[in-house]
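After this come two complexes, each holding chain A, first together with chain B and then together with chain C.
Then we have the complex of A and B:
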């Protein structure tokens, strides 16, 4: 059983949420009652009668809510696969080689998990094994040489799978990030390593002017100025660098571990589209990366650009916030602190490339009464 | 103070810098009269432009503007400085005149905030009443009344959201009726109040305005006015040792970077940041960005930036890390030694040695973006 995106709601909309069983009610059998009180904005506080007994109002609400919880819990858990299909739900663990495979792969989860070779064997990464065993989609057994019929042997316990598969604390962090994103409903796959590239980014682009423009600007400066944007451009040019060679090629300890896609029914793991997010996993106790490390990550990152509406003229604030062109890529840092995961999205932005924020049209405000061009802005200094 | 982005504001704040420029009326080439108007307008405005720089007092490490027209002028032309007795715009005199002399005039932002706070208190009292009613009905298990209460609550919530847009009139404002003893000292005559407020400029603002030639600052030691380079050197020296990561130099570099891109740059102190950026200015919108300067050698952990991010996130701004890559000490020293008091370009040669990289830093909540 692959994770149902709808079911994933139960993971909670916020870290601090209390389980709302009413959301689960439509997945459980035999219950049709939907008149569960919606959760309000404040925490529930029972109203007590003078004899300190709970009111009838609260009692009936409590009962119906509790019934929903029982209904939800009553549904089948543990191994989801039937005994008949057990062979195609068994993952063999080769602890010596560190490989994990399934002989007769079958199941919806294969749409985004595992890699099937020519012989029809499906190979898994360690986090995929743990995820599938933990949520009851598969069982784990030890690989044996020569292969014997082990259908009568009991499967490995979850604890055993953990202890064999996990090699170091980083693996555990990685698994937690993987499993959290999977359970939330995302499609998660290991990112294919790409070679580091040398990037040279020209910044403060305002420095590149044609000769003619330069002369014109000088003229404007010496004679008179008629536009504030010209003043700003001149001020920018004073600290502008014509071209900036910046090599971010360096051995970085950070790497992009996962590619993440929003739930998508057309997803094909053999031909995945450009990911929506790319995840770098770090431990909370590591220092924050340097700008060079971030920039080399951004240089190799390849995420789907956010579609930014072309706003009115002037700077596009959303592009500065979310990226949205080829230059401003983004990468997500998953900061893991003993099981708690906090995600930060780091996007490259370039204020200089966006140009001047001030717009000269602001000097001539449109007024309701006057016709175009007639309204002269206030020139005099206001004296009181 | 009219609401954000009102036409009154659009009319008032039309100049982003305290620098006068010549604005010519539209020229219609085939109309000779149009030429005359343009030339007349040009000459007329050139005459007016000979404005002398505003005098700024520099004492006890602070930059002060004392006279009211000049304070207002610096605020109205790019929102420079802070009224020392006001929230930002120097409005103390307006408020005090209204309080003590009962004068009219448009409301200041401080007065509007006060009125909105009163309305919010009122809202809370109303809400408390409904909470009490709810308790009663629950005890009675009165589902009918509870349902009615829900709609009342809904109405009240709607009213609450309107408070942020309330534009009170002067008559609505409750003024403090009683005059305090110390108020007597403020009243000079029936129409005049003693002026207590001055405008304080940030050091980076002062240097920026000085190099625009909008202000002048007297050096008490020499009796002559500071040149931009002199002030730059003085402020850098005051902020610790002269090294590539000198606090003032990097602050000024980043301030200048955004200021020259036309942003309205104010202190980000209230949001644990170095600067905040307004697209046009405080009367028009909230600041969009909060800038945190990061030096290349600075080592901090994720908790440090996470804390700033939480503060900035609460006020719905986007946190931007501005990484400053400073030059090697030898290169920096050479440029510092080459600073020449009367050559502004030597200061920019020094600033050009630095590189700026910007990264926007946002918290990602997977369950919210899944769709």
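Then we have the complex of A and C:
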């Protein structure tokens, strides 16, 4: 990924991030970083003078914080290139056709953005165009027929790119989710469910083995009727078959928009693996999808299963949360409210498949007798 | 129109039903003159791989727009999608940049004593050939707008935005927003804490928020405020150390507020 370690400023996941623009001042031209006070901490409220104006102390702090922010906002966006090579970072916008292309594509971003056809032209989606131009990796120009030398034409302003490229009402929310995920380093592509190599999900073991299992269970039932766990296990085996995610897909206004992968150096955009996450975009002012809609989304989703080992004793909570078995699926809802995005992960969890949580305390195998008194180390709970 | 008036005007663009501001000067003016913060939502080209400091454009909420329109200072950029050719200016900028760089280099050389004294800093025979140089090609935030239009409440575009967001309830929220602005709060969208607005005593850059505002209707047949929500909000407000405030507009147009606080008995 295009992560520049020097510039990647990371913060805690606090809900209300402290916006410390002073960190940026070293990258801004024209500011003397020595004179910049380290500001970023917030106060409860400003101290007011008698005439309800804020005090000079507060005002000067506020102004210096603001100045840092303005400097950062005023910094120029662009790229360094010779006129000869400019074509390989110019995205042409054909607003009539709604297509965006680059003639001689070049750049690191191509690892995960764009689609190159046989003639070597790279085609983009609208959100990719906006992201690349806004980031300063590319410039945008209008497509012209017939082709002329336009190396001395000024690039389109960001405002123009926005206004030409955004067409449908849901586009802006999609772009925001896209660029947020890209900024944080994920690999994001539009979801095309049919294109992925399907992982061979191991089929349920059937045949002789399961036959023996059944016989064993029956035997267990008869031999150990006094064991509660045997009864629970039997009951569990009855319901385990019934609980499967409803695969009947129905028409739903919610669609999986993006496939997301964690940063991966081996990623190939022509042969993407099964995505780590799939994103559904919801506007915060619309009603949240119904259970039916969520179920049908889960049914069509295709994400890489999280591998969490089944614990030997009892139920692993994390397996229930993130879905431990190969058939568990999840979708991520991105809820957008005028510029703010919250993500919710919904996983179909299968309690029945996890086995019984009941354990007969007197049936436990006694281990670690020699170390009696010492508590056994807990299982590693980290899952990510 | 007097110059003083012109100084306070805010130019906005409405693209894809979003209210966006691309000019940094406007963003500064909004913050300082109107106490309107908006949400910066673009990737900051200075540091593109991070999430907490973002850049142009600034996104305004419908309430912030209505407030500006109500004040009569809001101008819409009409020709946002018309391409303005400024070839000459662009080329001049490029040439000037190259010249500046060359002069800086020559000065440096002279300071180190490498350059002969008789060589002049400004070589008159030197012609700038753009093809020979690596150039900084800039994507500007916005193109200079000449065609703007004063927005009024009855404007089609405002009505269109209102109908998308739901006309009646948006107007109720706007009345509460306006009242809070009158009480000189700085207001941001409320998704962070599950309300409609969150209020800051001054610029959010320096101060923590104090109120979470939830708007409700005064006499509605539907039970707008339900008890479970009330308990939820009380607890939420307590745990994030903010006051949870219900706001509603009475018949006479006066806005009333009620704070919900978790009393923590038992």
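In this text, the second predicted complex is superposed on the first by the 226 of 384 C-alpha atoms of A that agree within 3 Å, B and C clash if a C-alpha of one lies under 4 Å from a C-alpha of the other, contacts with A are read in each partner's own complex, and residues count from 1 in each chain.
Convention: a residue touches a chain if its C-beta (ideal position, glycine included) is under 8 Å from a C-beta of that chain, and two chains touch if they have at least 3 such contacts.
Please read all numbers here as calculations on a predicted model, not as lab measurements.
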| item | value |
| --- | --- |
| Which of chain B and chain C A:342 touches, first, second, both or neither | both |
| Touched partner set for A:154, first chain B, second chain C, both or neither | second |
| Contacts of A:285 with chain B and chain C, given as first, second, both or neither | both |
| First (chain B), second (chain C), both or neither touched by A:124 | neither |
| Touching partner for A:73 - first (chain B), second (chain C), both, neither | second |
| First, second, both or neither for A:294, with chain B first and chain C second | first |
| First (chain B), second (chain C), both or neither touched by A:101 | neither |
| Which of chain B and chain C A:178 touches, first, second, both or neither | neither |
| Intersection of the chain A residues that touch chain B with those that touch chain C | 8, 11, 58, 180, 184-185, 284-285, 335, 342 |
| Chain A contact footprint on chain C (complex, rising order) | 13, 15-18, 20, 22, 24, 27-28, 31-32, 38-53, 55-57, 59, 61, 77, 80-81, 83, 85-87, 89-91, 130-143, 164-166, 189-193, 201-210, 240 |
| Chain A residues touching chain B - in the complex, by the definition given at the top | 5, 8, 11-14, 47, 49, 55-58, 180-181, 184-186, 203-204, 224-229, 231-232, 235-236, 238-241, 244, 246, 262-263, 277, 282, 284-288, 290-291, 294-295, 314-315, 317, 320-323, 332-333, 335, 342-352, 354-358, 362-368, 373, 376-379, 381-384 |
| Complex contact set, residues of chain A against chain C | 2-4, 7-11, 15-17, 19-21, 23-24, 27-28, 39, 42-46, 54, 58, 61-62, 65-66, 69-70, 72-84, 86, 95, 131, 133-136, 139-140, 142, 152-164, 166-169, 171-172, 176, 179-180, 183-185, 284-285, 335, 337-340, 342 |
| Chain A contact footprint on chain B (complex, rising order) | 7, 10-17, 19-26, 42, 45-46, 48, 51, 68-69, 72-73, 76, 135, 138-139, 141, 143, 146, 253, 256-263, 277, 279-280, 288-289, 294, 296, 299-306, 309, 318, 320, 323, 325, 348, 351-352, 355-371 |
